[in-house]
Amino acid sequence: MEVPQHFEDYRVGDVRQSGGRTITEADIVIHAGHSGDFFPHHMDAEFCRGQPFGQRLAHGTMTFAIGIGLTATQINPHAMTYGYERLRFPNPVFAGDTLRTRITIGRKADDPKRLGYGQVVEICETTNQDAKTVMYCEHILLVKKEGTP
Amino acid sequence: MEVPQHFEDYRVGDVRQSGGRTITEADIVIHAGHSGDFFPHHMDAEFCRGQPFGQRLAHGTMTFAIGIGLTATQINPHAMTYGYERLRFPNPVFAGDTLRTRITIGRKADDPKRLGYGQVVEICETTNQDAKTVMYCEHILLVKKEGTP
Amino acid sequence: MEVPQHFEDYRVGDVRQSGGRTITEADIVIHAGHSGDFFPHHMDAEFCRGQPFGQRLAHGTMTFAIGIGLTATQINPHAMTYGYERLRFPNPVFAGDTLRTRITIGRKADDPKRLGYGQVVEICETTNQDAKTVMYCEHILLVKKEGTP
Amino acid sequence: MEVPQHFEDYRVGDVRQSGGRTITEADIVIHAGHSGDFFPHHMDAEFCRGQPFGQRLAHGTMTFAIGIGLTATQINPHAMTYGYERLRFPNPVFAGDTLRTRITIGRKADDPKRLGYGQVVEICETTNQDAKTVMYCEHILLVKKEGTP
Amino acid sequence: MEVPQHFEDYRVGDVRQSGGRTITEADIVIHAGHSGDFFPHHMDAEFCRGQPFGQRLAHGTMTFAIGIGLTATQINPHAMTYGYERLRFPNPVFAGDTLRTRITIGRKADDPKRLGYGQVVEICETTNQDAKTVMYCEHILLVKKEGTP
Amino acid sequence: MEVPQHFEDYRVGDVRQSGGRTITEADIVIHAGHSGDFFPHHMDAEFCRGQPFGQRLAHGTMTFAIGIGLTATQINPHAMTYGYERLRFPNPVFAGDTLRTRITIGRKADDPKRLGYGQVVEICETTNQDAKTVMYCEHILLVKKEGTP
């Protein structure tokens, strides 16, 4: 759904909460095949039995892709991604975990180089069913100011 | 393939180059379905015709997942991912582009909190067939020092 | 396998039974990604725990696609799909259920507009391992009469 | 996104338009594998060259699943699917076509059996980039009336 | 479709021809992800430009899986696979090629160890749209003789 | 990773061991969809309950594709596949099994027709977590001799 917002419309502290999604063994298999990462931590249950978590882990790149994908329900035509900072995976994701992502507007600033644009930082936190954070990152958006063509 | 390396074994400036992989329309469709991100920039050729690039773009989360996945050919049992910094997508990825990733050891430092561990920063640059950078990030590894159990 | 049949060859009351297929969690994940429908009834185990069925449900569109797909073992070159009527999902489908589809020739009639063609209505009933109907629809075929080129 | 609506909130004639999605050869391959329908009309380019359309066609079940899936952006917790009527595929879908779905509230009526519920009929029309209808159906919803627990 | 056949029912020289299937770029991507084989001959268009065939090749394991899969339209409950001999890939398969498989009953013999069983050898030849053989193998079946329980 | 080896570099008796991979229900579903083989031995849990193994079996073509795929970690630019002999599946593969493949250089010989090339036979054995062999085959490579351009 399109939700047009100019730089001026973002308010620091505003929060948006995604729906939930249960990660499945199928997701891990599909992500391995899609990314080409077949490391035993994700794919080899026998190997994992001897590791601290005792079972296969979701790929960090998948937790990022799905965690961010959960928020892809509203499009702002005035914004584009500049990049991501401080991407972390504080807790592991296992098949059966249910994830949801909370976006908080963290800070705003004029863009140092692009006249007519500002930077908006969305704090993205993906949590599991136990409210543990499994992915954290700061999504930097370039957003048009009002009146910028 | 397992390639054990302690913190002391990493040398700043060392470079590792991945193989190449051609991104296909199928990858974009698979990633949309996997991430749940069906934004028109990735999925709607009609919409894209009216946009600056004129065609569908790969998702940033996919460029990251495949760009990093290309390097998943050697495993260091003494290292684990701490996180990623400065993730950027300086140029777009289209179906038909061929990507490869170069990892350069960028810097090393003692870990401030974990005795017996150091941080190694891998500079990851994914380029297309025209040598344009399509993904840049800094992958921070926690690596055991020699003698750490 | 090609099984040519003209309008005259269909007999009301004839029955054809498909093989069986067990629906998996992977099918639900694949269908969500294929259709773009990530509603929590299909994808969010935590949400579903608080719902009447207590677990994730297969999408109706998937039960239809697989229920009809189960019958795609014989092709009649003289027939084409006109449409479907009365598509219903009387009982839910869960991961682990095994489905099969029974086709009964329900009725026949001259096509009101197309000379040389008749309409054949196939009653399609997909049942689970407990013989409960999970999908019902009436598949209307346009079938050439003998002698129609 | 949740958009709660009681039976009384639906207004005949209201229209909702989905975003667009370009159907790809990958979608046809994925749907064949998901549904198990490998009929030559969908899978065999050589066979199709000798057929009226000259190329592979999307499965009707896929056009239905994706056409309906395009509308899965808002959830009404007071509504559930009762069934579909008059499902038709008036024009073929080819790889490369871009589809979007328009939902029009077609009619409303008290449910004949369920006190406290009404039936709302959504007319679903999926069109391609040439504004030709490729899927038509009537989606019957059971919707709670205000005050129904 | 079940087609019960005892050892005595197979006749040397009998031929069965499968339907056709066009191999797509999506199939190659899916097979790489499924098998874990991302060799540049299959995945890297730039690399392949400098190779004799000038383009990406289907994996041999995929040509085998799809070539044999094309024949999976009739099941003999009295037969089981013993193994395959002389698996060869005389010509390459590219995206866009249309394959079909011809099975010829090549020879029959009593099973040397299993009383009541015989071996039937199916010669499997998968050809492309130019009638070139892209896969050849001999499928050895163990088949019950009449009267074997 | 590229590991160039001429015919002279292969030593009979040398062994290479792959990493492990756990086969999942998702793999069986994906392989059925990829190969088109939906036989009840792989897809119908109800049917399988009445069969000797009591549960769904992986396709032989999948065990072959994944068993060989597990070894696709090093590429020899001087070698190409000639074919496979004696492909056998001595024990079944179930969802949950963890496979790994051992390659042993079995024998070497001059190629009878191609001057400057030799044949190297790799004995491929895929085993499960109980060390039972689930796939055996002999992979025949054509390998350049030193000095062959």
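Letters A, B, C, D, E and F name the chains as they come in the text, with residue numbers starting at 1 for each one.
Everything below uses one rule, namely that a contact is a pair of C-beta atoms (placed from the backbone, for glycine too) under 8 Å apart; a residue touches a chain by one contact, two chains touch by 3 or more.
As the structure is a computational prediction, the values presented were derived from the model and not from experiment.
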Q: Go through the assembly and pull out the chains touching subunit E as well as subunit F.
A: A, B, C, D
Q. Given a C-alpha superposition of subunit C onto subunit E, how large is the rotation in degrees, taken in steps of 5?
A. 180
Q: Between A-D and D-E, flag the pair that has more C-beta pairs in contact.
A: D-E
Q) Since subunit B and subunit C are copies that touch, is their contact same (over half of the numbers shared) or different (under half)? A) same
(Q) From the centre of subunit F, which other chain's Cα mean sits the farthest off? (A) D
Q. Farthest from subunit B in C-alpha centre terms, which chain would that be?
A. C
Q. Where the CA atoms of subunit A average out and where those of subunit F average out, how many Å apart are those spots?
A. 38
Q.
Just the number, please: Cα centre separation of subunit A and subunit B in whole Å.
A. 16
**Q.** Of all residues in subunit E, the ones touching two or more other chains
**A.** 21, 24-27, 29-30, 33-34, 36, 38, 40
Q. Drawing the touching chains as a network, do you get a line, a ring, a star, a complete graph or other?
A. complete
Q: Mind listing the subunit B positions that touch subunit D in their complex?
A: 24-26, 29-30, 33, 38, 40, 43-47, 56
Q. Considering the complex alone, what residue numbers of subunit E touch subunit A?
A. 30, 32-34, 36, 38
Q: Would you mind writing out the residues of subunit B in touch with subunit E in their complex?
A: 19-22, 24-27, 29-30, 96, 98, 129
Q | Complex contact set, residues of subunit B against subunit F | A | 1, 73-74
Q. What part of subunit E is in contact with subunit F in the complex they form?
A. 21, 27, 30-31, 34-40, 59-62, 64-66, 68-70, 72, 75, 81-89
